[in-house]
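Same chain, two partners: chain A is paired with chain B first, then with chain C.
Moving on, here comes the complex of A and B:
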């Protein structure tokens, strides 16, 4: 029973992080209408940027190091768009996807070049968690959940209460119509990248706090984030949030049944299952 | 001289691998980003069988069947997807197959890998030395080339292209696009399995680390560089890229450089892919009659 409760709690934790990844991925999908294969690399670089500022020689405390890390990740996201995707706005889908895949590979090996392939952590001491209902909860884990809640609130306010957020929703609804209505689509796209990169950075940091840092962490989480947005309906940000949490639960409860070596495969299993059941949103024609 | 022969063996193996992807991606427009899975299946199935004293002929057939069957099973759920969704589904699939190689230790010895894979014996002729192996890979790549040429120039090949160019028109002409996609995907998987089998018996040692995204990127780059949807593109791409990759290995650079060299080389692959897509998406050879 305790074990089950602990798994549920861990599922919630993982779900929060996946939700942040999925929301970022679906934001770009909504505006630019393609799956950014390099989103995982924003996650990974975000986490490593924080590591850069927290390690010697800088050795800043986490809350301060967060600011330059966030800025650098946003810069990375914006330059991704400027140098790789912007020249291809009119290109066909295959071209765009191969570019994104090449970019993802480039960035992943870039991280490996600087930091090597070994596992790293932020070097916090492992503290004993509190016991609540017999499950152990650490301060880090509470911070993860709280941060996620704050992020969700900010995203909600930006999308529904600010002018730029409203225009972003308009663009993802119908780009041509939004343009006719006088919405500055360029600015909107830039804003979408800023939001997506920030979510990726924060999510990546939370993941690294909970587990560790490694150059390969981006790709596998991209697949999970993708499974989450399929689950929630492609392009729907609140669906992505929900999908992420479901994937988190499924993974942590799934390992009660199957071997932990396949934990990362569960998201893929869910994806295949969804495709077999084929909800109508998934199989629109190739445009 | 040995280096030269080795280069050509690798080039022919990767030409087969690239031709299989070219059929799916170049001709049928399927964005398969997990193609390495079928390469890996071919290598593992044939290696495991020959290590258990099964004759190479049977092991080869079994490897091709396994790759084809897997391709068929994967294609059913995922071919209903739109291009990018399919791409990511195959990407995930590639990772899962690697997880299987890694976790099913009772069968694959996990991360330890499978050493001592025997050299192939076809009709009691043993392909043991480098020139002999070169002959074998050359033979198989010519065979693959001819088979694909026949397929591509047949009505089936034209249907593949129709599916790629305009799905709606293909449907309107009464073509079942789903069937054509499955056919293309299964043929592609079988041929990737062939390339994997040849590769496994050549290196004589395989481990899960050999079947990562790097292989997918490399073969994708070969197809894109050579020219998607061209008959000779895969060969041209393979010559250029395998030459680049393998010659780095033989430069005898100091060992402490290798920590930086491997990621650097892969960064070059990644950026080459981006540059090609932006500045020359059609590759070195251009498909005949292609628009734009």
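Moving on, here comes the complex of A and C:
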């Protein structure tokens, strides 16, 4: 029983992080109509940027280090678009896919060159945390859940209450119509990158808090995010949120049945199944 | 005669495929001009070229005498050109209210947008009733009303309308043409592309027949309706 409860809690935790990744990924899909396979590297660099500011010589405390880390990740996201994807707006999906994959390799190896391949942590001591219903919960984990809730609320408010957020949803719905309605689509796309990069950075930091930092952390989790957006309907932000949480639960409850060694296989399994059932998602809706 | 819009010898198309091979039309203020022609004659391409979604390869497009062929759609809306594309002409996941807000983007100031929406609601009470609903869940006729309302948020001088009757029931089409007529009475100019041309021609002051990307005929709406060749080739018996 305790094991079950612990698995559910772990599932929620993983689900929160996947949801943040998936929401960022689907935002970009919405406005630009392609899956940014370099999103994982925004996640990873976001986490490392925080590390950069928290380690010596700077040694800033987390809440302060978060600000420059967030800014740098946003800058990285915007540069990605400006230098890699923007010149290819008229290109076909395959070109974009290959570009994103190339960018992903480049950024991952770049991080490895900088920080090495070894595991790193932010250097917090692992605290015992509390025991509730016999499951152990650490402060970090509470922080992960709360941060996710705040992010979801901010995303909701931006998309449904702010002018730029509504414009972004309009661009996702129909780019041409948005243009002829007079919406500044370039600004809107930039805003989507800012939101997507911010979610990636925060998600990456939370992931690193829960586990550790390594250059490959983005890539493996991007697969989970990708499975989540397939599950939730590509381009649908609330579907992505839900999809992320479902994947988190599926993985952590799946280990009750199969060995933990196969944990990652569950997300892959869901993804393969979805692609077999609804193959058009990979190519996007043509209308 | 004063011209609102003058399209002169325009060549345009998608990538290497040229669809318009030198099309010319002109529209006077307050006119309703209709373009008819078979599938693939370049009617929609002409509208897209005028609004700037496609840049012409050659030729000139003048709006109130100034050249606009190189401008982006975002700029042209600000000049008072509204475009309602064929079929997908609303934002389905946005609410009716949000659709109108988006249509009001060029107005800038939120209070001006709010005022324009109030006027729209007075004119189309059905939209007021549905304002919180997702636009995608409206009926076909309501969607078309919303599309027209979205495009009139900026009080445009020229409205480009692509196949407004597509997929609508005859009664709904009649209602829509009544709306077009009343907006026209208030001063807006219309350029309408239609494949089911009878109703549009009855309303239009003037009309053009486009065929294979070339001008074929030009006459009053009435004139084309009674033209034997047009009847035979484009209207069907």
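By our rule, the second predicted complex is superposed on the first by the 274 of 287 C-alpha atoms of A that agree within 3 Å, B and C clash if a C-alpha of one lies under 4 Å from a C-alpha of the other, contacts with A are read in each partner's own complex, and residues count from 1 in each chain.
Here is the rule we use: a contact is a pair of C-beta atoms (placed from the backbone, for glycine too) under 8 Å apart; a residue touches a chain by one contact, two chains touch by 3 or more.
Computed from a predicted model, the values in this text were never measured in an experiment.
*Asks:* What is the contact status of A:166 with respect to chain B (first) and chain C (second): first, second, both, or neither?
*Replies:* second
*Asks:* Of the partners chain B and chain C, which touch A:220 in the superposed model: first, second, both, neither?
*Replies:* first
*Asks:* Considering only the touch criterion stated at the top, classify A:272 as touching first (chain B), second (chain C), both, or neither.
*Replies:* A:272: touches chain B, not chain C.
*Asks:* After superposition on the shared chain, which partner residues are touched by A:71: those of chain B (first), chain C (second), both, or neither?
*Replies:* neither
*Asks:* Is A:178 contacted by the first partner chain B, the second partner chain C, both or neither?
*Replies:* second
*Asks:* Identify which of chain B and chain C touches the larger number of residues of chain A.
*Replies:* Touched residues of chain A are more numerous for B.
*Asks:* Using the superposition described at the top, list the residues of chain A that contact chain B and also contact chain C.
*Replies:* In the superposed arrangement, which is not itself an observed complex, chain A uses residues 287 for both chain B and chain C.
*Asks:* Spell out the residues on chain B that touch chain A in their complex, using ranges where they run on.
*Replies:* Within the complex, chain B touches chain A at residues 25, 29, 31, 33, 76-78, 80-85, 87-89, 91-93, 95-96, 99, 102-103, 167-168, 213-214, 217, 220-221, 224, 259-260, 263-264, 266-267, 269-274, 277-278, 281.
*Asks:* Where on chain A is chain C touching in the complex?
*Replies:* Touching chain C: residues 163, 166-167, 169-170, 172-174, 176-185, 287 of chain A.
*Asks:* Please name which positions on chain C make contact with chain A in the complex.
*Replies:* 51, 53, 72-74, 77-78, 82-83, 85, 88-94, 98, 101-103, 105-106, 110, 150, 154
*Asks:* If you look only at chain A, which of its residues touch chain B in the complex?
*Replies:* Counting only chain A, the residues touching chain B are 34-35, 37, 84, 87-88, 91, 93-99, 101-107, 109-110, 112-113, 116, 219-220, 222-223, 226-227, 230, 234, 259, 261-262, 264-265, 267-268, 271-272, 275-276, 278, 282-287.
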